[in-house]
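Below: one structure in structure tokens.
Residue numbering begins at 1 within each chain, and the chains themselves are lettered A, B and C in the order written.
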């Protein structure tokens, strides 16, 4: 026993020093591993965003089917022509079927000059994209582009710098030609869908959270409900899509298509409407809203409830006048995060049948529709380069929409907090 | 006096009825979540029964064959399962270590200032829609892999690219859950380790990490479940068409990718295709549910230890 | 936090036992062996193990400890006492540089360990902490087996010897061997609080420190466990220099050779009032503040 205290089992001072310096080196290596991992995660985000920005700008090689200067006798650019001249060009170059359709939509003679120029540009000049480059190759790889132009380009091909995300892109309806495609129908579809989702899921989710936090005792049924909500939050969205397809689209079809109300907007009523999609997404985010609202309500101090009961308040009065106002900022923040998830969800929409080719704005609950994520999916999946550029532009629109929603959530939260303090 | 008393009790009674109605309504909202689960189980079960009942499909073939080609009535689920394993396995290889190391960095190394910007950045990463990640896989990751390994080796659609990008997607999931687990380890344990002459790394890796291991395991399982159910990245980047392969550079369709491709068009109700999609959905549901229940069990168990 | 409420809650058993009488204190003092000569401030005893000179400590802008100078001699028990917030724990934790772990803190002055300032640039705190061990207020065993708890520090520090032997020796020294020898593979968290604290002491002994710092090691324990820890401290001082922070005056009286009394000034900064032989400080304090504090706590 006495040996124990006198002998040093950790070696001489040199041993100790070596031991420590070895451990310090190992520590430094690990620290760099942790830094590196964190940098990779952050870099991934940066690259992701740069990649999208890069996709939304860049050079294109365009070739006109007919050069605009050859169209009029005086060889003037389109913008200098009169309405009559433009209509004459259209009548000379466009099929009669198309002319009839255009006249049906709005008689050519009544259209504005800008509209006519646009029509001639799309229908007659009809520029074709031969090749596209993203922003970074456009800046850093100019030589390769020039080489392509010199060797592979057909005569008459020009190089233009395109900004794919323009005001026209946002306000135009969908178009099979990527150069003229827009996301207006998709934005409107997404907004309709978000609205339905909120109206459906928010009251239900907050109600469930209030029950679970304020009323539920630890009974068997309530425990089942809790476990169930947790499990639901982990179910992949595609499963909700299948549920939506079989239940809202098919079984509830007569209602979700509006057929029973005689309100069907399409000639072929199916349940593949904005209503079905909105409800399905509502189911998808319901568990998320419940869980975040539960956390919000749980954060309300017990003393607040007790003081309300002390003044003779009933349970519901206490909840309505004290608990909900005190937790509303957090409930709202959680709900908006959940709605952002719904806004970006794609799989559910594909299954509940958001159509991909829709030119008409949604006008009621019962219309077929398309949404931003669907457009992005469709355009990304196309092999032609130009569609990828349009997809990148649409992604920026979607991300800005999500950012706006989150900024709105933060502003609302702060405003509610400030009001509560005053 | 007695009249007013009678009134007041009546008044009280009224309030109670009103309160009871509200209570029942709130209970109904909570119970609605049960209905969703019941709905999922019933729908998936009901719609997949015709699939398994069909003479062209047998259970043995479904779980035993490595060919899924509805055109020639071959319904072996393995090619879809292996592709799912490939993408989620690769994703976990990326997100497991990176997510864990980010969590260790956040919980043990980062200063308050770094944490205050790093955590929101990671949240942004998890808030970006998955379809955007799909675009990223297709336009960045695949060309990158092809430029590294060569166009002959890496196909345009491949499970590797999809898996790597799913990995990026679930890094924040792993890191935030694992960080919660690490932060829940009491400071006193760290002090004990330092007090015995431990370095920061020894404290982090040989005391805090083992103490949080169950929470970290739970975070991995949750992330795996998310990777298995991930749909848009695989349907854009992994390939269209079942393929029984373990080569990460070849195209192969996952369970989710197949469901999306088949039901993306105008699918006719009550066809074998339609019902097969639900059978696959049922399989996917059971896999993710099992994973989530395991993680839930681990998490509740580990909470008991520390609280 | 008010230290008196603190103590009365944690040591309900003790205070009734002591009955607040001088007799109780005398009995406590009698248990202390080193209460022999009434020498002036620290001129006797063994070689100096640790010397604190002009120590000032800061948490950010807050000046937590002002101008502390103290000596600790080998194989003695020194108790640091004083009201809550007087900086005694902070002083204790500067000795093995545990305060380094709190961001934004700064120590000015010197802490000489075997004549070498532990705050010098060429000193690695990791080595210091092995050679100056620490036992904490709340028992904090690792959530591992008893065996692994003992060997953890030994493994990382490059122990050259037999681990089984190390475990047995350390547990014997900590008076825990007989209670746990049949369940060394059991998780340490399943031990009682008192056993856990003795395990923590055993774990500290296993890395063969020269000095053991104890930060109120018995404050979270019941009276019986407390007395076991006190007996243990008494035995350990044969081999180690022990510096102990305690709220409990009786405890300081029972176990320590020297006592240092700290107080808080009007800027909430802790400072050393006086220090010396425990018996002297308790019965014959030079400073009236010490007398007031001690009589307040006993009378």
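What we mean here is this: a residue touches a chain if its C-beta (ideal position, glycine included) is under 8 Å from a C-beta of that chain, and two chains touch if they have at least 3 such contacts.
Worth saying up front: this structure is predicted, and the values here are computed from it rather than measured.
**Student:** Which chain maximises the distance between its CA centroid and that of chain B?
**Tutor:** Following the centroid criterion, the farthest chain would be C.
**Student:** Which pair wins on C-beta contacts, A-C or B-C?
**Tutor:** Looking at contacts between chains, B-C has the larger number.
**Student:** CA centre of chain A versus CA centre of chain B: separation in Å?
**Tutor:** A distance of 20 Å separates the two centres.
**Student:** Using mean C-alpha positions as chain centres, tell me how far chain A is from chain C in Å, no decimals.
**Tutor:** About 61 Å, centre to centre.
**Student:** Measuring centre to centre with CA averages, how many angstrom lie between chain B and chain C?
**Tutor:** 50
**Student:** Of all the residues in chain A, which ones touch at least 2 other chains?
**Tutor:** Residues 23-24.
**Student:** If you look at chain C, which of its residues touch at least two other chains?
**Tutor:** Only 126-127, 130, 156-157, 207 qualify.
**Student:** When you check chain B against every other chain, which residues touch at least two of them?
**Tutor:** Residues 199, 202.
**Student:** Considering only the defined contacts, which chain A positions touch chain C in the complex?
**Tutor:** Counting only chain A, the residues touching chain C are 1, 4-5, 8-11, 15-16, 19-20, 23-24.
**Student:** Within the complex, which stretch of chain C touches chain A?
**Tutor:** Those residues of chain C that touch chain A are 124, 126-127, 130, 154, 156-161, 166, 169, 172-173, 207-208, 239.
**Student:** Which of the residues in chain C end up touching chain B in this complex?
**Tutor:** Answer in residue numbers: 96, 98, 101, 103, 126-127, 129-131, 133-136, 138, 140-144, 152-153, 156-157, 189, 200, 203-204, 207.
**Student:** Touching chain C in the complex: which residues of chain B?
**Tutor:** These residues of chain B touch chain C: 111-112, 186, 188-199, 202, 206-207, 210-211, 305.
**Student:** How about chain B: which of its residues touch chain A in the complex?
**Tutor:** 15, 18-19, 22-23, 25-34, 36-37, 39-40, 43-44, 46-47, 97-98, 101-102, 104-106, 109, 118, 121-122, 124-125, 127-136, 138-140, 168, 171-172, 175, 199-202, 204-205, 222, 225-226, 228-232, 235-236, 256, 259-260, 263-264, 266, 269, 277-278, 281, 284-285, 288-289, 291-293, 296
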